[in-house]
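Here come two complexes built around chain A, the first alongside chain B, the second alongside chain C.
Here is the complex of A and B:
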């Protein structure tokens, strides 16, 4: 029999008191107010309503995280909302500005493409070797410009590592929503070697982007072109490109998440996710498996939405490099063996404090980045309702 | 003296346009080097075979083009067709290479031999050499620039020498690829390299077919 006093300190199994949870939520409530109600923004009534709803939504979700001690479920409400509202606001804006979702080559050359974070790894080699940014966007011209976006990404990434993919990415929410629909996965056996695919896509697209001086992933492989801005098809090649986008979207963002209950696009395609994994080495936050508690039941492995746990990694008490710190394994583990951890501390050192510190950083980024996108989507819906 | 100046010019042209050559060959060279086992000598041998065959490709193209008088004036249609065919061949070799790398590693990961095209009984052609030969044919801008200058020279021998010096200049830029030998290998790295090779092959195949059909790959 294991001695009870010797076992490491647990994450709180019981919920916190409402008062304590409110107290812990206060910084996020203030942050939300600062983000959505600083002078000069949200001056019209629709924007004010959208900002208020978003601020309340984000604050309530954080409160529930504090109150229940669970992370994944509440984060998922935010993430799925973000995923579905992003195209709403984005497409409306495109149609307002351009009159179409299609982007013609002239617009690209003129640098009038809103910047997206997905091609960031593809920009590195051409920029390093030739001082050229190959993405067809403007470097400093607007608030969606490359320089600002990259600065924001870097700041968030250094703290969260691959946590970006669970708290800031505005694409992953759609497939996470799809994965949440079925009660059980219909496809359970998936070749573990497929986990290497995003790395292969990263390597191939980085090299081809350098060779062709073109952001190859955006031109040929991005499934989210299907719900954002596609290439205006003026030739057979253009039609093929759009066909690839739609097929990849249907397969990896809709059908496979429904069948596997996993984020398949993130797990098997996204080169940015693979690139982001590298920053897990820098980020101070991680999820560990406490071997003294683990019964190797595999519940955490099944719960993980992007195959970041394997039998081997669990045996070593680690998650794989691709862990996006969504908290699914921590919440699912019946033995509280999956714990939040800060590098450099002992495994048993206050996992709940590690969770809190991570969540403050992650949720601040979520409010700032995702919150504004949610608000934009709400404004669009309100516009149509009015 | 004039001829030395010309060859100096070829060397300089190669040196300044080397990064473009490096970028053009990167998609073929990096995954195939990564799919090899680690080791400085093994990579040196691989790179030597690749570059040697690339030189052969250069010279063969230059000699044939000189003979038929098409070094500079090859019509655009023919050039696109040639490039299309080269891309399709390159894609086939890359697919085969990715498959063959699995076989080599499956039997013995410590094999010192270069990855072979086909089984060892059937064929003895080194994969690195075939890849190098085919990339030697790719009509990238630096290659065309060298072709234009070589066409102005008096004889085919001088033109070939011009290409040799040009090749030496560009080859300096390939030396850093030896650094890939320092990347630690495990099954994950080799699998990623093979998958990347297959993806790149898919792209070249599409590009080649589009060119053979007379379509622009970027006809947006």
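Here is the complex of A and C:
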């Protein structure tokens, strides 16, 4: 018989005391202050107000995670805010600098296109074979240039792995917001084979990008061009491209999330998400299913916004490679069978410790990266209000 | 605690450390490492390295190395010429340029420089060497065939004839 100390512990069923939750939140509060108020940043009043609001917002959400023991709901508040405020700040800056959301050919030639992380996997083959970056930016001209953004992506990926898609991706927040609107899904039966589509898109776009020497996903498939910078419609092809962007955005980011309560763009299209899944292999953190507690009720499978659980994977006690560690299944499981886990440790052995360690790392990255984007969006709104 | 568990906790602790070091050390280090790889932006966008500059009174013409498309990349091979500074250009430019540096004129480039920097540009290129294609009233058609104002320079990309 196992001793009491060796008995696997459950995630806290009851909320923590306010005092303990405050204590656990203290490091994040200090981190937020450090990120938003270090010397040299936020010198004007609007930026200071935006920074204060963002720091408080991020700290309160973390406190609620600690207090309630739930992750998904509070993370979602942050993530949806990030998704909706990113275009606000970004489009405003584009219009301020260029006067348009379209990318003029002059800006591409000058290498002033801000680098986006979505085409990263498509750049690998041309860069490896010809040392050429197929993106109309510059390598080092600014912090939004290719080297700076690659540095940012590498560092955050090291911390979050596929968790990027739940704590850093400013595009995913829009569809997660849409998926949160309806109380129930209207479309419930979705062919599980569709979850392999992003891998197919990844493979196809990587090979096509090498052959055509063009970031094919950005040129033809990216739904988020509809809310960031689109291709200037100089020709019929440009008009068709913009039509495809708007159609994909409407279908995969707005309509289908409303009907399915799932992140359909991430689940069925995004090649970057598929690529990012690979980094789950090197991440220390994962979500697992404790088979001794699991009643195979399927609640976790329904709760997962990303189709990262299947009957087969649940039977094996695993999540699929695409798991973005959002915590939806852990929070939803009525039997506390879905647990946070540190690789190498015994299953369900102090899962709350694993959750805490992951959340500290993930939230630190979220405050640093997503928080700055939220603050930028707030500055833009304050600018208009003033 | 097993060795595997110890390794797991070590990796988890290192992940937390990496999160703390991200804004102060990791982003900068990774960015420097990436920049040190010696990669370059596709010349179809950048126009290729500069070969030489010809002074022409108050302005100069910079001639770039010819750029060829990769594999199935759209567009023709081209050579880029920069007229700069745009502010020193006359209202009407008509220059004969020795592009390949063999002492013989290769193309005649004619364009107007509107005072409004946002006004559309049009260029005519007369081919004096069969290696270069002529262009009539070209604007910003393609990366391999255009005239565009970029900062304080006017860029003309002349397509090379199929060999």
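Couple of notes before you dig in:
Quick note on the criterion: the second predicted complex is superposed on the first by the 379 of 386 C-alpha atoms of A that agree within 3 Å, B and C clash if a C-alpha of one lies under 4 Å from a C-alpha of the other, contacts with A are read in each partner's own complex, and residues count from 1 in each chain.
Methods note: a residue touches a chain if its C-beta (ideal position, glycine included) is under 8 Å from a C-beta of that chain, and two chains touch if they have at least 3 such contacts.
All values reported here derive from a predicted model rather than from experimental measurement.
Clash-free side-by-side placement of chain B and chain C is the outcome of superposition onto chain A. Contact with neither chain B nor chain C is seen for A:378 once the two complexes are overlaid on the shared chain.
In the superposition on chain A, no contact is made by A:166 with either chain B or chain C. In the superposition on chain A, A:127 contacts chain C only, with no contact to chain B.
In the superposition on chain A, A:210 contacts both chain B and chain C. Using the contact criterion defined above for the overlaid structures, shared-chain residue A:105 touches chain B and also reaches chain C.
Figure note: vertex chain A, arms to chain B and chain C, all at CA centres after fitting on chain A; angle 50 degrees, rounded to a multiple of 10.
Taking chain A as the reference, the larger set of touched residues comes from C, when chain B and chain C are compared.
Shared-chain residue A:238: touches chain B; no touch with chain C.
Applying the stated contact rule after C-alpha superposition, one finds that A:218 touches neither chain B nor chain C.
In the superposed model, A:199 lies in contact with chain B only, and not with chain C. For the overlaid pair of complexes, the smallest distance between C-alpha atoms of chain B and those of chain C rounds to 5 Å. Residues 105, 108, 130, 210-211, 214, 234 of chain A lie in contact with chain B in one complex and with chain C in the other. Touching chain B in their complex are the following residues of chain A: 104-105, 108, 125, 129-130, 193, 196-197, 199-201, 203-204, 207-208, 210-211, 214, 216, 219-220, 231-232, 234-238, 241. By the touch rule above, chain C contacts chain A in their complex via residues 2, 4-9, 11-16, 18-20, 22-23, 26-35, 37-47, 69-74, 140, 143, 146, 148-151, 155.
Note for the complex: chain B touches chain A at residues 19, 23-24, 26-27, 30-31, 34, 188, 191-196, 198-200, 203, 210, 215-220.
On chain A, the positions that touch chain C within their shared complex are 31, 35, 105-106, 108-111, 126-127, 130-140, 146-148, 150-152, 154-156, 158-159, 210-214, 234, 283-285, 342-346, 349, 354, 357-358, 360-362, 364-365, 368.
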